Structure formats: structure tokens, C-alpha cells
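Several structures are given next for inspection.
Two complexes, one shared chain (chain A), two partners (chain B, chain C).
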Partner chain A sequence: MDKDFAVRRRRDLIIAAALAAIAALTPLFVKDVVVQNILILTLMYAGLSQSWNILSGYCGQISLGHALYFGLGAYTTELLFTKFGVLPWFGMLAGGVVSALIAMGLGYPFFRLRGHYFVIATIVIAEIGLLLFHNWEWAGAAMGITIPIRGDSWLKFQFLRTKLPYFYFALALCCLAWFVTWWLENSKWGFWWRAVKDNPEAAESLGVDVFNSKMGAAAVSAFLVAVGGSFYAQFVSYIDPESVMGFQFSLLMALPAVLGGIGTLWGPVLGAAILIPLTELTRFKFGGSGRGVDLIVYGTLIVLISLALPRGLLSLFSRPKKTGAAR
Partner chain B sequence: MGLLYGLIAVGLALIFGLMDVTNFAHGEFLMIAMYLSFFLFAFFAIDPLLSAPLVAAALFIFGAVVYLLLVRFAMRAKANAGMVQIFTTFGLAIVMRGLAQYFFTPDYRSIPQSWLGGKTISVGGIFLPEPQLVGALVSIAAFAGLYFFIHRTDFGRAIEATREDPGAVALVGIDKNRVFAFGWGLGAALVGLAGAIMAVFFYIYPDVGASFALIAYVTVALGGFGSVFGAFAGGIIVGLVEAVTALVLPPSLKSVGIYSVYLLVVFIRPRGLFGSM
Partner chain C sequence: MSALLETRGVWQRFGGLVANSDVSISVGRGEIVGLIGPNGAGKSTLFNLIAGVLPPTQGSILFDGEAVTKLPAAERCRRGIGRTFQVVKSFETMTVIDNVIVGALVRTTVMREARRKAHEVLEFTGLAARAHVLASDLVPAEKRRLEVARALATEPKLLLLDEVLTGLTPTEAQTGVALVRKVRDAGITVLMVEHVMEIVMPLVDRAIVLDLGKVLVEGKPADVVRDPKVIKAYLGDRHAVGA
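The block that comes next holds the complex of A and B.
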């Protein structure tokens, strides 16, 4: 069993490296800007969903409020940049730290809650954040922040003529989130998280520090999501409360992981690879009509997939004898 | 307003309490009810107050059908049952919103001249808008009716029994699916009633449900899952908190008060005010 596990982990790492290499080469063949855009978003959501999966999938604390950290990342970066001239690279780091600290601060009261009470609390706190930013004059209130355009520059992480740097950053983010998950999966934390998810009381009695393992998961998860938020802000170069902290981001982080396979290493990547192009394409094809056909197609697919494959798409690939892998 | 929140939330609480399923399409049920009420008025000139029972009946059928066609299968999921239910009902919500946009267009609509719209009534020197007052009375009546139904009739007792122990109920010959379908129908009918009344004084548009849905979940959770009475009490609290917040904070922040009260309550009582689950 142990040997199997080690083999599987090495195999996962090789597959990931191969996929990343293939992904890195795609811009050579894909010149279409619309397609590049979709690829960037897919990679970004894969990374975000992977980060969400750490807290909600592995540790079992289902959060539908991660838009808060996404928005905090975006806002921290852009406020530092536009008000104090701090470069986005540092802003990104700052956003991550701020989000992680807030996640831990919120963790104190939140992690006492269970089940639906916890989920609703996460939705509610993100909604409070959204409303506060809506009314915060200094941060642009409902008007948001337009990021001043000063031409292509790696220093300011801003590019007008090409999308390639964004593409590679999204890829790097996705790889980072994957690698962190891969690494944590086999660490003390990974085992603690799964124990907490399956049965917190039993875990506690066996000496697992339930509270701190939840806090750790929340901090890592929030940090990575905030970095994604910073990236997104630079990518779209305009932010307002709805467009970075809206409930739809919480969902778009959760959905890929759920569709692909929640609490699995590959679920978020697989889910994002299918869901995000689908979302963008239906929006592109039918969205222009303004009559909601994209919503109908999208919603129907969510219903069908969740009914047909409760464990996520990944369950199609896992052989039944490997009970450990399906977790 | 609080009583209407209560009515919406009671529908949600009933479904949740009965089978531990959260209906994430609850707001969309409300939206459908409001449209129904609007079209009955626009085409047949039936006043929303008269059509309310019709709307409730239509929603009853709709709720039962949703259960039989969709939720029944979601409940059978062997793995990740909670997630499957969340995303099935959530997907349904998205589809319903899309269909509403497709057939009804995203335009805002309102019922211009109903019997109650825009009128106020003076009670002891305090002016109250009539639609809200009628809404409150209907809510109280509906709640009393529901209470009587659950505690005094055979079918109501069957619902309670199924909630307690679905397995044992099957042994005495009660069809679980029929009871559940009825529960969904009843939950939908309650929100239908709320929707029909709210159609008089709210704009009707495809996304209208979303703005009330979160408040409904908060209301149910505030009262405590598994308690129908809690949902009703939660509704009243939410309505009061909203009114007070509107006095001290700018209107755009009025929901912050509701959300903060929810957080405060669950931090002190992690299972809501009257919750058992």
C-alpha cells in the first residue's frame, strides 16, 4: 500500500510536469485572442479551485465565501498601487498575507460552526465585505478602481499588446496551487485535514489539533486565492466590488472542484478544464442574445453532472480496487 | 416585511426540516410565483390578492414535480450527498433564471393598479402601507394553518413521522416519496403565497429571487434548522433588524445589519435560536 502510494505520487508529479509543459507550448499554436483569453481564465480558475479545494475539499470546511479573499487580493494590490505606488508584485504578496490573516481572524469564531451554519456564515461574510467595499469612498466605492495604463512592463505587470505574460503567470499560479496541494497531501497537515473532514471527534481524540489544522488550511487557501485575485485585477485592469467580490466567484471556485472531484488532487484541474471553456463558449455563443440561453445550458449541465457523477468526473478514471485513491 | 420573510423562510425550513435538503432554488420559486401573479393580472385582470391561492396551488404542483423529477434522484446519491443536493438545486436555480430571461425578457415589470397597491391605512395615527399589512395578515394566517395542519391532521403527522424516522414509517405503510413530494409542494406553495403578495409592491425580474434567497437562508439558520417555528421567529427578527438598520445606516448597507445579527447569533448559539440539528 505504502509503495503504491509513493508510486502514485511520483506518477502524479510526472503527469503534472508533462501537462504543464504542453500547456506552456500552446501559445505557439494558439494565436487567437479569444481562445487565449479562455485559456488564461481556465488556468486561473483551475488554480483558484485547487486552492479552494484545500480548505473545502481536503479539510471538509465548505466555504462559499472565497470571493472575499479573491476581492481582498485584488483590492489590496490595486489600492497599494494606485494610492502609494507600490508595485503589483509586492501588492500581490501583501494581498495574500492580508487575506490569510483575515481568514485566520475569521477562523476563530467560524470554525466553531458546523454544516449549513458554517456555509451560510461564509456566504454572509463575503456579502458583508462586498457591501462594505461598495460604500467605502476611499477605495472607489461602487465606481471601483481603474488601473492606470502605463504601457507594457514586467515591473508593473501590465501588458497591452500581448496576453502571453498573463498566460504564463496564470499557468504558474495553477502549477503552484497544484504543487502545494500535492506536497501537503502527503504531509502531516494533509492527513490531519482528511481526519478532520471524516470525523472531527475521532481525530481530536487521536491527538489531531482540529482547530489549528482548520486554521492552517484556511490560511493557505486564502493566501493562494488572494494571489489569484491580484492577478485577475492586473489582467482586467479595472475592478469594482461586484466584479471581484461577487458571489459568482465563490461559485466559480467551488464548481470546478465539485464537478471534477472534491477533495482530490486532480479534480479541480479537470473540472476547470471542462467547465470554464464551456462557460465562456456558451456565453460567447448564446450570451449576446441577452436571453439567458447560456444560463439554461450551463445550469442543465451542472444538474446532469452532479446527478450522474456524485463523486465528480474523476470517478470515471479511478479503478474500483483503489479505494484509497478515491478519497 | 418581517412576516413575509418569515413566510418565505417557513417554506424553506419545511423542506429542510423534512429531509435535510437545502433548496437553493427557493428564491427562484419566489420569482416564478411573482411572474405567475403578474401574468394572471396582465392577461385575465385577476387581482393578485384573488390569484394568490391559484399561484400557491400552481407552486404546490411545481414543487412536487421538482421533487419527483429531480430531488428524489439527488437524494439517492451515495457519495457526497450534501454537495450533490446543493449543486442539483443550484443548477435548477440557474436554469429557471435562464428560462425566465428567455421567456419573460430581463425587463423589470410591476403590477400597476391592484386593489391594494400604493394605498395606506391609518391605524391609531400610524400610516401603514396596505399591501404590507395584508401580507402580514396572510402570513400569520398561513403560519397558523400550517401549524394546525402539521400537528392536528393525519397527513401532517405522517410528515412529522417521516421526518423522525423514514425507515419505520415505511413499515407502517406510508409512502416516503409521497410524503416528501407533498412536503416540497407545501414548501413551494408557501413561498408561492409570499410571491403573489410581494408581486404587488416589488419589481418583478428574472433575478429577483436571488436578493431574497440569501435572506431566506439567513432567516432559517437564524431560527435554527429543523424548526418551523424558528423560521417564523427568524423572519420577524430579520424584518425588525432591517428596519432598524435602515434608520441608522445608508440604505445600501441595510443587509449588513441582518448578516451581522446572524453571525452574532450563531457565534453565541451555533445552532440558531431554536435549532435542533
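The block that comes next holds the complex of A and C.
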């Protein structure tokens, strides 16, 4: 039985490595910039959703305010870069740390809330963050920050002539988030998180530190999402509050995981692989002057999938468990 | 030798309701003690006070010679108090083995070791064949068993069983009784809440009867069941006269 378990873990790792290798080779065949753009966003959202899944999927603390950490990552990086000349790579780390600390600071009062109340709190906090940045003159307020372009450079992590470095970074981020999840899944933290999600009271009785489990999940989750935010800022080279802290980011982190299978290792990647291209394509096909048709198409598809497979697309692949003889 | 568990003058009030008044009990090492009493006697409240779900309004609780009165449930588990829940609280989306691993992780952070321990406990509780089934797919009697298994994985010195034998078929109850004996034989002290007397009485070394929040009678099961006060509490005055 234990062998089965070890085999499954190893199999997951091999599949992930194979998928990453295939993904790494796609730019050899895909030269179209629009398609490359979609691939980059897909990988980025896969990574973000995977990170969101740590707190909301595994630990069960549904957050619809992760846009806050995404935006904090973006702003920390760009403020440090434009105001103090700190390289984005350090800004990225700083953004991650700032977000993780803020996540824990917010967790301190809010992890006492349960269920819907917690969700509402996350939405409200992210909106407050958005408003603060809207009015913060030093951080560019509503005008935002334009990242000065100094030509292609790995050091400054900006590229005009090619999108490939962004592609590889997004791939690395996605792999990192996946690997962190894979690794934590079979650790004390992973078990604690799932126990906290399923039944906090029982978890407590088994010696689980429920509060700190949530804090740990929040910190890891926020850190990774902030790194994604820094990346995005460099990628689009212009940020303003709406474009990095808007509510849509919170949704776009949650939806792939929910669609693919919340609280599962592969759910977010699977969900993002379907959802993000769909988002971009519907926008491409139905978006434009009318605005909104793409969202209708998109929304309808999500509703249909949720109705058909409430536990996510991944449930299509899980074989029914043998229930044994007892009955 | 000091008692493993002791409550001293424990009171618990919920608003105007006094659920426990001045309850002092003790449980010796290696004993199986039954905490019984009619519905509303305050058994579950006392049980929760000992498990650390809430602190008592007044009084103190000593475990293994130390005061644990204000410690949270998780810390009491680390100290060696394991418990089950009257209404089962399995981790439904996790497999049986994973449920038990959560318990085992209190004593080790090495996953291999926790897994080994969990398998051992499943073997002990007769759930080994169901290790890889989701907890939500278990039948009620198995869920009760899983509660016990999970608590055992934390390597408790004292195991608190909250009505684990209630609502089972006679066969299931017999298997349950055998398991409780096995637990005690493994050196674990057991304090069990039950209100079905016929099941507990043959099993326990000592019975403590609660009524209206107070300790009514305490002693050997054979004496307790004949005590007029107990009969009165359970059945009313008319029956006590005949006894």
C-alpha cells in the first residue's frame, strides 16, 4: 500500500517534468506573438492559481482578495525600481516578503472568522488596498507607474524584442508553485491544512495548531502570488491600481483551481490550461466595441462546467474508490 | 501513586444554566472509568472541559500531576489526552490512512514514521483493509472506529471516548467493547462517557454517575447499578422504592 503511494508521488513528479519539458519547447514551434502571449498568461495564471490553492484549496480558507498580494508584488517591485533603482529581481523577493508579512498581519484578526465571513473580509481588504493605491500620490496614485525602458536586459528583466524570457520566467514560476505544492502535500503542513479544512475542531483535538496552519498557508500563498505580480508588472511594463489589484485578478486566481479541482495538485494547472486560453480567445473573437459578449460566453461555459462537474474537471480522471466489503 | 487525571471543584455555567457544579473526580493509571448519567446530567460538558474545548468557569483540572486547566485542546493532545467526538468528525475528503496520519504527526514530523505509525494503529483497530478508502465512504461503525484510531495515533496516556458504543448494533458494540479492552491492555487509561448502562457496566473498572451536574455516586459498577440514588435518577422515584 505504501509502495502505491510512493509510486504515485514519483509518477506526479515525472509527469510534471515531462509537461514542463514540452512547454519549454513550444516556443520553437509557436512564433506567433499573440499565441505566445496567451501561453505566457496561461502559465502565469497556472502558477498564481496553484499558489492560491495552497491557502484556499488545501487549507480551505477561501480568499477572493489575492489581487492584493498580486498588486503588492507589482508595486513593491516597481516602486523600488523607479524610486531607488533596486533591480526587479530583488524587488520581486521584497514584494514576496512584504506580501507574506501583510498576509500574516491580516490573518491575525481574520482567521478568527469562518466561512462566508472570511471570504467577505478578503474581498473588502483587497478593495481597501485598491483604494489606498488609488490615492497614494507617491506611488503614482491613479496614474500608476510607467516602467522606464532601458533596452533588453536580464539584469533589469525587461525585453522589447522578444517575449521568450517572459515565457520562460512564467514557466519557472508555474513549476515552482507546483513543486512547492507537491512537496508540501506530503508534509506535516500539508496534512494539517487538509485537516483544518475538513474539520478544525477535530484537527485541534489531534494536536494541530489550527491558527498557525492558516498563517503558514497564507504566507506561502501570498509570497508566490506576489512574485507573480512582480513578473506581471515587468511583463506589461506599466502598472496602475486597477491593472494589478483589480478584483478580476482575485477571480482569475480562484477560477482555474475551482474549475480544475480545488485542493488538488493538478487542478489549478488543468483549469488554467483551459480557462485562460478560453478567456483570451473569447475576448479576441467576441470582445471589442460591444464589450461583454466575451464575458457572457465565458461565464456560460464556467456555469456549465460547474454544473456538470462540481468537484472540478479533475474528478473526470479519478477512478471511483473501491468501497470494500463492509456494508 | 497520583491519579492520571483529576478534576478539582469544577464548575461550568452557561448563562443561568449550571452544567457542572463542584465536580471532583479522579482517574487512576490503567483504569477504564465510565462516566454515566441520564441525559442532561453534564457528562458531555465535563468531557469537553477535560478535553480542553473550553475552560471551566471555576475549578482546576490536573493531568499527569500538572494543571492543564487553561491549556487549549491541541496542547492537551500533545500532553497525552486523546479524544473522540460523540458526533463523528472525520476528515471527510481524506482517506482513512491520511486521517490517522494527522494524529500521528503530533509525535513526529517525519512522514515515513507517521505513515508507519498510522498503519500500525489501523492494524490495531481493525481498519487496515479500509486504509485507502475516503473517510466519507465509511459506514457509521467504521467512522467511530476511525475516531478511536486517530486518537490512538497521537499516543495518548488517557483516551476520552464520547459515546463510541452508542447507536451501534449489538455485534458492532461487542467489537467496540473488545477494542476498548485492547486499548487498556496496551497501557492506555480510558475514560468513557456512555448512557447505555448495559454496555458499559461489564466493561468498566469503576463508574462515576453524574446527575444534574453533580457527582451522584461513584464506585464499582456492580454496586453503582444497585444504588437507589442511581435507579432513581434514571427511572424515577417509584422504582427506587422497590430497590
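Please note the rule applied: the second predicted complex is superposed on the first by the 318 of 327 C-alpha atoms of A that agree within 3 Å, B and C clash if a C-alpha of one lies under 4 Å from a C-alpha of the other, contacts with A are read in each partner's own complex, and residues count from 1 in each chain.
Here is the rule we use: a residue touches a chain if its C-beta (ideal position, glycine included) is under 8 Å from a C-beta of that chain, and two chains touch if they have at least 3 such contacts.
Values in this document were obtained by computation on a predicted structure and should not be read as measured data.
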_Quick check for you: in the superposed arrangement, does A:293 touch first (chain B), second (chain C), both or neither?_
first
*asked:* So in the superposed three-chain picture, is A:208 touching just chain B, just chain C, both, or none of them (first/second/both/neither)?
replied: second
_Touched partner set for A:186, first chain B, second chain C, both or neither_ = second
*If you count the residues of chain A that each partner touches, which comes out higher, chain B or chain C?*
B
_Let me test your reading of the model: by the given contact rule, A:199 touches which partner, first (chain B), second (chain C), both or neither?_
second
*Using the touch definition up top, name the residues of chain C that touch chain A in the complex.*
51, 53, 72-74, 77-78, 82-83, 85, 89-94, 97-98, 101-103, 105-106, 109, 111, 114-115, 119, 129-134, 137-139, 142, 150-151, 153-154
*In the complex with chain B, residue positions of chain A that touch it*: 62, 109, 112-114, 116-117, 120-121, 123-125, 127-128, 131-132, 134-135, 251, 255, 258, 262, 290-303, 306-307, 310-312
*If you look only at chain A, which of its residues touch chain C in the complex?*
1-2, 4-5, 186-188, 191-192, 194-195, 197-199, 201-210, 263, 321-327
*Which positions of chain B touch chain A when the two form their complex?*
22, 70, 73-74, 77-84, 87-88, 90-102, 105-106, 206, 214, 217-218, 221, 225, 250, 252-253, 255-256, 259-260, 262-263, 266-267, 270-272
